[in-house]
Amino acid sequence: MRNSAIWHRWICRTLLGTFGLLFALPFFWMVSTSLKPLRETMRMPPVWLPVPPQWQNYPDAIAAMGPFWLYAANSLTLAALNVLGTVLSSALVAYGFSRLDWRGRDGLFFVLLMTMMIPFPVVMVPLYGLFRELGWIGTMKPLWAPAFLAGAFNVFLLRQFFLSLPRDLTEAARIDGCGEFRIFWQIILPLARPALLTVALFQFMATWNDFLGPLIFLAREEQYTLALGLQALQSTISGTPWHHLMAASTLVVLPALLLFFLTQKTFLRGIATTGLK
Amino acid sequence: MTFGERRKTVQGLLFVAPWVLGFLVLNLYPFCASVWFSLCDYSVLSQPVYLGTRNFHDLLQDPVFWKALRNTLLFATVSIPLSTALSIGLAVLLNQPVGAQGFFRTLFFLPCLVPAISLAILWQWMLNGQMGLVNVALRPWFDAINGLLGSSLQPPDWLNDPSWALWGLVLTGLWGTGQAMIIYLAGLQEIPAELYEAASLDGTTAWQRFFHVTLPMLSPVIFFNVLMGLIGALQTFAVPYILTGGGDGPGRSLLFLATYIYQNAFDFWNMGYASALALVLFCMITILTFAAVRFGEKKVHYEGR
Amino acid sequence: MKGRVVVEYWEKWTDFERAAMAARVDEFNNSQDRIFVRFLSVSRVDQKMMLATAGGVPPDVAGLWDLNLPSFSENNALLPLDRLAREAGLQEEDYNPVFWKLCRYRSHLWALPSTPSVVALHWNKRMFREAGLDPERPPRTLAELESFNEKLTRKHPDGSLAQIGHMPQEPGWWLPDFPSWFGGASWDGGGRLLLEAASGRAFFNWLESYPARFGGPELFRLRGAFGNFASPDNPFFNGKVAMILQGVWMDNFIRKYAPAGFTYGVAPFPETDEHPQAPLTIAQTDILVIPAGARHPREAMEFIAFLQKQKNMETLCMEQRKLSPLARVSEEFLRNHPHPYLREFQELAQSPRAQPTLCLPTMKEYTNDMLVYANQVLLGRMSGEQAREEMAARQQKALQAKLERWQRVAQVRTAAWERELAR
């Protein structure tokens, strides 16, 4: 029994290592390119370890992008607002679609699914007009207010998780005369922490990397986000400064990377019990 | 409705109220506007001119539409099963007690964190016909086969060959399974350890446990990921758009429906035609998703029901 | 900045091109205290401008491309500038006629040029020398180009191509304009495409001759080895292609990425006509427009007029390493310009046979189709005849649809323009 466990462990490690290397390749290439002089950046096949590493590319990239720290602050603000709005509203709505039985629930849920099937390009123009009517063009509101209205993706995700929690939990609480909101807040939410963290993480990343939204709705450089600022390093005619672009991209990736690395530990702790307290 | 039912409906609606508001304002209104546009000739900056169903007639006779449709469906059919298998496999692997799990999980998730522009450049390099990493890795195999059979096969020039470009894209799509993998991992964590203990006490093998405990308990999450994968694959736009520089790829082999819609809306000033295309895409996704939901609702196992 | 009128200016440039314009904007802002130009670098400026205009919040000045002009003006996105320009003292005589033409559509002025470009043959002198050709003598006719092509082509022992003299799809950025080198235009300026004319046929036959002479699969394999355009692996820099058609900006890339000791020459790209009266080239320009609904059109025009002054324009173009669109060019500009072949490009631009680039109302569809069909022919997968016929049919239909749309609104539109100009 012991030997096969060790075998098992090493086979897993090898598989993980090989696949992991393949998956990490884009990131390695990005970092490697960020440390090369411009002429070497696009060479094929690439040199993986640039010697000597051009650390200067990083401050240069920051300078080339413009008000880097302002963009970073904007990205952070938007991300925080979006995460807050999304987690709160999606959990609430998902509860309604999963732990409650009411007429029209499943039909309405299918409508929710259908909203994810509308191709974005054709929706852009009416949406833009709508925001203009509200006077939101020129502000950052179009980029975070909709988060408080529960996006379909996150509602769907949380619904699936809420549905996998045993029925007995809520039944017992209802028999005890507990109100629905209390059940939601005090029983279901704590149990669904891994899922809520997942939603928070994904929303953070989506907002952090989103450049289409800021591109369309922002008209002042002071409001630009990091993702949009990266565009400044892509030139149409004079040739993109790849070393700067990759250095800037690495910097933009780092916060999300750190956040992921730190929070994924809580997934480790999330083994649900059937704890009927 | 009885009084009890009505009360429950009101309660349900109260909980989902935020979404309903968002739906009416951010989804329904633009959608209805878009349906109206699909019946018009509309260039965004002029008033729409009613045309009846002409856009739809043109659509059915447009060979580029059919090509884009074919590309989109082909891509979805191949990439969804592949990425599902890969992400579940990886999640199971990552759930094993092998140590340094945090490190490995981060590695797999990295491609999802890299900005689209960097990814696209990387794919261009990796899929290069002569010097790309993929072909450099494949060439020894091809040489071996050539040696055995006396043939002169070459690994494909992924990005320039109309017959292979789409498969190159499928390959690059597999790198994005990190997100689905994390969701599977969270789902795996939720499976109570007692179930596995009970099963192994009964003397089952690891494979049996996988098929009889893991998969059923994971089924709500599988359902979610496959559905999201379907909706996402049918709306693929960003990566091919960046890879081809906003164009169609060799022989139009990388033209997806979403790309064609975007081109018509913003490059060709044919927002009316684009809306018609979007409506067709929307209906297609709805039908396929409906079929998937019907199928899934029977097979998926919910503890909470 | 208090009390000043704020003019919003959206421009597509980044890096040193942006810096060049930013310096002019600063000069303008410092030269007077009534107007402040807020300069914003925007990617996808055409899409964003379109959305903003639809939403009723356009900028006051936008930097677009010449090929945006027909569709934007027809679709009500731009302000006609005839009167504003005249009042600001800008006249046709001050400009190189080909660039002025690019700013006009349906008998109105819609834009003023910012920085222009023309195209020319670029050849690799070292490769010429190695092939036994005089490195200082470029081909003067298309027939000569092809004979040089044969001499410059080398094969590997296994039959695959090692290098080639010329390949139409490298870089392939002017394929829609190419029939001009075969003696004719692609469009009659109105409702008819002329792909069926002799020049269109000759062009597609020429494309077809490539797989016939070099082998479709071999061309394909050679192309597969081309590296990124902006890198030392650009096929023109690393000795894979000896002659290309490129614009005035190519020197920037050569400076950055070509190997040390790279020498190249510039000459008019050869055409079928053996004795042309004057050299042929295609002219393009970045343009400055005032969107319809702009809040401060007069102030916007004041800024644009500032840029059009000879001194400012020449500084801008010199810093962007391009040529000047004006009729008069100062000696200092020609002397101090960092581009080694600027005089040649300036002369080309001033040739009586310099042609404005094709600016169809359906330009994007046309270019997309041309790329797809040209590639199919060059790979030997389709005959030139078939490609030409299919493309002509498709594009004529698309053009027809656009013309119908125009017919529906023509009266209303032109009346509105006249009213705007009479205000």
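Labels A, B and C are assigned to the chains in the order they are written; within every chain, residues are numbered from 1.
As a convention for this text, a residue touches a chain if its C-beta (ideal position, glycine included) is under 8 Å from a C-beta of that chain, and two chains touch if they have at least 3 such contacts.
This structure is a prediction, so every number in the text was calculated from the model and none was measured.
If you draw each protein chain as a dot and join the dots that touch, every dot ends up joined to every other dot. Sorting all chain pairs by how many C-beta pairs they have in contact places A-B at the top. The centroid of the Cα atoms in subunit A and the matching centroid in subunit B are 16 Å apart. Between subunit B and subunit C, the centres computed from C-alpha atoms are 37 Å apart.
Once the centre of each chain is set as its mean CA position, subunit A and subunit C turn out to be 40 Å apart.
Each of residues 42, 44, 124-125, 234, 242 in subunit A touches at least two other chains. Multi-chain contact residues, meaning those touching two or more other chains, occur in subunit B at positions 44, 125, 128, 130-131, 266. Of all residues in subunit C, those touching 2 or more other chains are 51, 54, 227-228, listed in ascending order.
Within the complex formed with subunit C, the residues of subunit B that make contact are 41, 43-46, 49, 124-125, 128-131, 154, 157, 160-162, 247-248, 250-252, 263, 266-269. Within the complex formed with subunit A, the residues of subunit C that make contact are 8, 12-17, 40-44, 48, 51-52, 54-57, 59, 227-233, 249, 252-253, 256-257. Against subunit B, in their complex, subunit C makes its touches with residues 47, 50-51, 53-54, 71, 75-77, 220-221, 223-225, 227-228, 292, 362, 364-365, 368, 371-372, 375-376, 381, 398, 405, 408-409. Interface residues of subunit A, counted against subunit C in their complex, comprise 38-39, 41-44, 64, 124-125, 128-129, 131-132, 137-138, 215-216, 219-221, 231-242. For subunit A in complex with subunit B, the residues that touch the partner chain are 8-9, 12-13, 15-16, 19-21, 23-27, 29-30, 42, 44-46, 89, 92-93, 95-105, 108, 110-127, 130, 146, 148-153, 155-157, 160-167, 170, 180, 184, 194-195, 198, 201-202, 205, 209, 211, 227, 230, 234, 242, 245-246, 249, 252-253, 256-257, 260-261, 264-265, 267-268, 270-274.
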